[in-house]
Amino acid sequence: MIKLAALVPLFPLIGFLINGFFGKKISKGLSGTIACISILASFVVSLLIFMELNHADNKSQIVDVFSWINSATLQIPFQFLIDPLSTWFLLIITGIGFLIHVYSTGYMQEDEGYSRFFTYLNLFVFFMILLVIGNNYMITFIGWEGVGLCSYLLIGFWYKNTAYNNAAKKAFIMNRIGDLGFLLGIILIFVTFGSVTYTDIFVKAGTVSTSTITTIAMLLFIGAMGKSAQLPLYTWLPDAMAGPTPVSALIHAATMVTAGIFMVVRSNVFYSISDVASETVAIVGVTTALFAATIGLFQNDIKKILAYSTVSQLGLMFLGLGVGAYSSAVFHVTTHAFFKALLFLGAGSVIHAMGGEQDIRKMGGLKDKIKITFITMLIGTIAISGLPPFSGFFSKDEILAHTYEHSKVLWLLGMITSMLTAFYMFRLLFLTFYGKFRGTQNQEHHLHESPASMTIPLVVLAALAVVGGALGLPEFWGMENWMSHQLEPIILRPNFSTLHHETEWMLMGLAVAGALAIIYFTYLLFMKNGFRPVDREDQLKPWQKVIYNKYYVDEIYDALFRKPIDFLSGAFHKFLDIQFIDAIVNGIGKSVTVIGNTVRLLQNGSIGFYLVGMVMGVVLIILLTFLVK
Amino acid sequence: MINGISINMYLMLSTILFIIGAVGVMARRNTIIIFMCIELMLNAVNLLMVAFSTLHNDSNGQVFVFFIMAVAAAEVAVGLAILSMIYRNIKSIDTDLLTKLKN
Amino acid sequence: MLAVLLILFPLFCSFILFISKGNAGRTIALAATVIEFVLGLAAFYLFKQNPDSSLLSYNCVWVESLNIHFAIEINALSLLMALLTTFLLPLIILTTFNKSENHPSSFYALILMMQMALIGVFTANDGFLFYVFWELALIPIYFICLLWGSNNRGVITFKFFVYTLIGSLFMLIGLIYLYNHTNVEGHKSWAILDLYSAGHALTATQQGAVFWLIFIAFAIKMPVFPFHTWQPDTYVVAPTQGTMLLSGIMLKMGTFGVIKWLLPVVPLGLQEWGGTAITLSVVGIIYASIIAISQKDYKRLIAYSSIAHVGLISAGILSANQQGIQGGLMQMLAHGVNVVGLFFIADILMRHTGTREIDKLGGIRSMNGNFAVLFLIIVLGAVALPLTNGFVGEFLLINGVYQYSATMAAFAGLTIILGAVYMLRSYQNIMLGDKKDSSLAFGPLHTNDKIVLVIICVAIVAFGVYPKPLNDIAEQGTRSIIALMK
Amino acid sequence: MKGLLIISALGLLAMLAEIFKVKKIILPLTLIGIIAALIANYFEWNATMSISYFDNMIVFDRPALAFSAIILCTAFFWFIMANDYFHEDTNVADHYSLVLFALVGALMLTAFKNMTTLFLGVEILSIPLYVLAASKKGDIKSNEAGFKYLIMGSFASAVLLFGIALIYGATGSFDIQTISNYMANNEGNLPKFFHVGVIFMLIAFCFKVSAAPFHFWAPDVYEGSPTLITALMSTVVKTAAFAAIFKLFLLAFALSSPVWSSILALIIALSLIISNFTAATQSSVKRMLAYSSISHAAFMLMVVLANVRNNSSLDALIYYSLAYCGGSIIAFAVLHVMSNNGGDDSFGSFNGLSKRNPMLAFFMALAMLSLAGIPITAGFFGKYFVFTNMIGTPYKWLLILAVLTSGVGVYYYMKVIIAMYFKNAEIDSAVEIKMPIKFTIIVAGLVTLIVGIVPGIVAQLFKF
Amino acid sequence: MLGYTITQWLFGILSFMAIMFALMVVFSRNPVNSVLYLVLTFFCIAGHYLIMNAQFLAVVHIAVYAGAIMVLFLFVIMLMNLNQESEPQKSPMLKLIAGVAGGLLLFVLVGALKGTEQINLTQYGHSDIGLVSNLGKVLFKEFLFPFEIVSVLLLSALVGAIMLGKKEIK
């Protein structure tokens, strides 16, 4: 089966082509089905590959497709690498992807861009698969930019709305900034190792000076920042919520945004060698986590809250990477994929029920109206807040444990983040589902549970969110951490926790206690005292206002980059180009006429003058020739 | 030395005459006089030619002078013809009136 | 022999067109260019079979007293360029089909004459012949712009003409200088290899001088900052086909010239001055991209973007390493296709809506979806997204520049970001959102417009996904050039 | 030599023809005569050794024959083109004979071997032209042209004579060969005033070819004279003058080149600047052509400056004169046609010529391109030869200047083309051309083109 | 006298007169006067010829210039009766410049015309080259061709003069 790895990306591609060319002609149902089937097919294939690999003793197998770019020493084959990491991500992508496709068939039912939606979605899956399956940085880069394109297309899916288009453009350009770093990183890798193929370079990594490695790692990390919405390149992700909710779930929660983590894990060799780089990763990660979490506290748009929580969760993952807990990070990616997708889809279902309303201030008391959604979202919320035995608990705890090992400060920040997470998630939950309905009349009796096509994925994901933790049970419970063993082959320095079991228990206890305390506090705040977020911004205290406005980061970026560039653009064009360079060119042209008009005055028609001119000429010549020596 | 007179003398003399002629051509506006000045220049040259030919004891120089004379005559003839034609047209031979063509 | 045919056939056809009357010209021209394309493919096939087949080169004495030969050869480099030319010409002809020029047949005749000259430039193996073709290419395009351009073209095209002409005169002097230093058994020679060896023999200072003499001509043609100011105006006033010829192919004369007629000639001069030239190019990239951002007229925007792209190309080529030059070649092909597509888009917009003002347009996406998709694909090609033709070249180019200097590469790389900025901005303003002007209407595309766009899009994707066939030739050509630079 | 005799005989015959009232036969007679002269040339060319006549007074060696061939051909077409102009004039015979006498002078200039013949050649060439320049009797401009030409011409010949006298004084001989032998023998201790003499002769010839600062006469005279006479001046006279310059400064005085080369460089630079820049601001095409002729003279002088003592410089000169003759014949013919069709010399009268008479416009454009030196026209190769000669010399800055100024040149030549193809005519009546002029234009055009495409044939034609 | 030979005296006087008359030619207002002064100048020059024993040339000189050309001038002047102050005193500027230019020219030429001592005289012997017989020999032997061709020159001058001179036959 591994030999046929090409099938994995092939199916979505086929789906994309069919929907792309004939989407308008065939019925909605058909195109939806085609899309789902194509993904399912590649899920099945990946599953087979996964199993085969588990039994194979060669844990990294290369599948050649065709040779792509050759330039002397630079050989870039179109080549796939099948190893635990890629297969695992394949499973996540195709699996979750499939569920979300199914969900979308229901969610997008009324949209006229139905087939277009699935076209993009399939294309996305195709690129995402390329991203994880490629055996060299170029293939990864293809996927990298490809998913960027798809997120651009999907964010701007409702292209009539300019705000959405801007969001899409912002996402694409922000990603491009990261991509430049990534590309330069790749080039540096080529310049250093003479190859960009994973299987070639990682073995040589030891032979190169650490400083070079650091540079490479940094450049790559810039790429990761862009893709995985880390400071300072995170601002596109919240705006990206403009896209249809399934998109948010698939791209901006489960898969694409974790590409950064994937890439860092993939290049863990570099990061393990360069402490500077990994320190940076950790710090950036934890800062982002905290920063985003605080913003999350004051958001009222249900999707925005989830978006910021995604950012902060990604931050946590990078924290994990930074402290060298690669497997834990992957583990968290997995669980996060489960519960965050779940939450988004749930939110989607809520929005669906509310007829497009996204402001939690206008919701409330929905828990009886839409039971399944409520329960599943409850599960998701608990999972993300990190209560045992739900999946989030294990993965987050693992990361924090490793962090504690690495540095207490980072650990503390991590803790705070996770508590904040618990707060805003439960705030969301309470405001949405409890209390009494705050929406309009017709919204109220329009409320209804979503169709099965939407609820089933919710249920499945909920189940996964519950049991997902089993993938990486803590070792000190005397159980084997499947995930870390799974990833051992591809990780240079797998670090098993060296803490005393007491400490680990203590940490775990702290985490749980903290979470519970926060939840109780939230309960008091919103259920007992029935606290409601203010309706108008000016009722906020100044410091709240700052946070509410996301620390004005967007405005700052505008002032720092967009406006100056626009200004420069105008200035260059008007002053430098037209009034200076071109003016010089034209000036030379004009000077001809000017000189000509002066010279022609010599030709004044009087013989006497002409002769004088000639004689003067003679004088001059004689002078120069004979007397000036 | 030509009969006790240094060739430099002749050189200077004819140069001076030549230049006087040139100045006349430049300075005067009366066309007739301009022609005469040209004749003067040619004569200066003649003088020089003869001087050199005597110096070299070579009669070619003097023969050449004949040709110069012929040419001078021809030029004068043509010149005066043009002159008369101009006079016919503008009733004047002042060069200041002959500046239609300029720039 | 085939090489000669490639040059003579268009010439012949253009004569036919000059005498032909009425609207038959259009068909003749299309047929001619298609046949020419087939010939190009034949050359490609032959080359694949046997790169030094005698059919691909031809050499006979032209001016004996000066030892000027009519020496042309289709080698890897020229093959690529010839393919580009012959591929684009039919499309360019096809774009004229639903608008009526006055004197169409002479219009087409000039285009074909242009093609002849271009093929000549790309295949010439004799310095003098190269110069002659170089100049010949200028005259038809000048007349095309002059006679069929939009208003106040007189001054602008004129500036373009004189500017490029002066540049090429400098090149002529440079070439003659080389020629004077050639020495093949005692007499001079124009053969390219002899010019190479002559160039190598020069001292560093002499080479520097020659470098600039020749580079000026190319720099103006490309154009490289700060010799670019003729370009936006000319592109705007020229008729669409003229712009396509200028940007799609003629611009490549400059870059091609640098590869074949500059790098191998004066290695020392390159060492001494290459840095300066690269800096200029990179400055041009950023400068032009930034200017492009705020352009109102879409055609002008493309013009500036083209300056940016060519800046990257020349920077890569001048860094004179395998990746740089090969990337240059690939990007020349890609840019040729893409920019033609973009200018055609601009033309279509003009024809359907009567304006190219980005701010006046908008919401066309909802009026014609297919057009939007095709447009988008071309835009993606222009921003060099992976799996579009633009990417391979751009990656290799930045790679090449990086090997010359990392900082330069970083700056050059900004084109990735800025390119996305102006391309997406303009795309959004033109196609997406709601239409700003209610009177704006955009009907379905004409069939042949659609054909052209589809062909271009297919080319964009196909050579993005599987660039190998061209890429191998490019690599081969680059190897030979690198070898000659030693 | 025979050619020369034939032409002078023709002159006489032309006058007789008037006496016997058989003006009709003059033109055919002249043409036949010129052809005969060409044939005679051809035989002399193939003669084993070049014969010298009258004690080395005049020798028709191969360069001489080449130049005179060019002159005769130009004259041939000129006559064809000019015949209608003569018909509207009363004294046809005089015109014919004058032109023919001028030709005699021109031929002498190509073949002189002695200062005497040189001087007489110059005068015989000039004096008829003084008359012809003034030959529009009623037109004061024409008179003025003739007058200016005469005065300054004789001034120049005075200078020339002074130079000759000085050289004679130094060397004691008028014979070119003797003089150059003399230079060769006592190189180093040549008297100073000998060099002054050389310089004076150089100046005089710079005047004849109208190089700055001795160019003042040219624009006025060119403008004032009847168009066809201007054509004659800018072709035949220039070619002859350059033939003479070639003989004098590339053969006879070559050894003294250190003395005059820097001066010549200066003169060339000045001419290039003045001519091109002034031409760019002209509103009259005729006057523009006058100025451009100055810049072409400068280009040809570059060959002299380059002073490459082998055939390449001769080739260059011959080629350039050929190209230049072709170009300006067309240009002036077109001008002539335009003025016959109610236009004047201004650029404006060329507006929309492409519509009024495409053929005429095309050939005019061709001529302009050739004069501007664009491939693949004869003019380009002319420039090319000059460059190849120059590049070896220390005067590279002059090349750069030449390039820049010829950029300016392109500007004003293109102005004509733009006017013809781009502007719209006020009057759009078709321009009709008389058969002979059409013939001339077409032939000249073809020559310009063919020689531009296969420049080899010229070298084939004149193998030295 | 004063250590100078007769010829030297003659030379001095003649030169002085020649220059004086020449200047008069240039500066006299009335054309007729300048004609006369010019004739006088010619006589002086003829005198010089005699000193250099170029007797025949002297005679021809007088005959041609004074006899023919000057008379021609006089004719013209009389025909057009220009024998009055036909030159209003405008543009002294030009005169000044002309004078300066002439001065400079003189200056540089005097500076430049050096080296007569380097002349190496080839043939000595009979000093009667100025005699008719000699000139005749030379003229009709070496200079036969120029002599013949001058006829063309004169002829063309003739034709030209007539052509310009005669009235249009309308």
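Residue numbering begins at 1 within each chain, and the chains themselves are lettered A, B, C, D and E in the order written.
Throughout what follows, a residue touches a chain if its C-beta (ideal position, glycine included) is under 8 Å from a C-beta of that chain, and two chains touch if they have at least 3 such contacts.
If you're wondering where the values come from, they're calculated on a predicted model, not measured in any experiment.
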{"item": "Chain C reached from chain A - shortest hop count over touching chains", "value": "1"}
{"item": "Set of chains adjacent to chain B and to chain E", "value": "A, D"}
{"item": "D-E compared against A-E, more contacting pairs", "value": "D-E"}
{"item": "Geometric centre: closest chain by C-alpha means", "value": "C"}
{"item": "Per Cα centroids, the chain farthest from chain A", "value": "E"}
{"item": "Rounded Å distance between chain B and chain D, as computed from the means of their C-alpha atoms", "value": "26"}
{"item": "Between chain D and chain C, distance of the C-alpha-averaged centres to the nearest whole Å", "value": "43"}
{"item": "Separation of mean Cα positions, chain C and chain B [Å, integer]", "value": "66"}
{"item": "Euclidean distance of C-alpha centroids - chain A vs chain D, Å", "value": "78"}
{"item": "Shared interface positions of chain A, touching two or more other chains", "value": "589, 600, 603, 605-608, 611-612, 615-616, 618, 622, 625-626"}
{"item": "Touching two or more other chains - residue numbers and ranges from chain E", "value": "91, 94, 97-98, 101-102, 105, 109, 112-113, 116, 119, 121-122, 142-143, 146, 150, 153, 156-157, 160-162, 164"}
{"item": "For chain B, residues contacting two or more additional chains", "value": "7, 11, 21-22, 25-29, 34, 51, 53, 55-56, 58, 60, 63, 67, 71, 74-75, 78, 81-83, 85, 96, 98-102"}
{"item": "Pairwise chain contacts, counting only pairs that touch as defined", "value": "A-B, A-C, A-D, A-E, B-D, B-E, C-D, D-E"}
{"item": "Partner chain A, residues of chain C touching it in the complex", "value": "159, 162-163, 226, 228-230, 287, 290-295, 322-323, 326-327, 363, 365-366, 380, 385-387, 392, 395-396, 398-399, 402-403, 406, 409-410, 413-414, 416-417, 420-421, 424-425, 428, 431-434, 466-468, 471-472, 475, 478-479"}
{"item": "Parts of chain D lying in touch with chain A, wherever the complex brings them together", "value": "147-148, 151-152, 155, 159, 192, 195-196, 199-200, 203, 207, 213-214, 216-217, 219-220, 259-260, 262-263, 266, 273-274, 277-282, 408, 411"}
{"item": "Chain B partner contacts - residues on chain A that touch it in the complex", "value": "600-601, 603-608, 611-612, 615"}
{"item": "Of all residues in chain D, those that touch chain B in their complex", "value": "115-116, 119-120, 123, 127, 130-131, 134, 137-138, 140-141, 143-148, 150-151, 154-155, 157-158, 161-162, 164-166, 168-169, 172-174, 193, 219-221, 223-224"}
{"item": "Contact set on chain E toward chain D in their complex", "value": "109, 112-122, 141-146, 149-150, 152-153, 155-157, 159-164, 166, 168-169"}
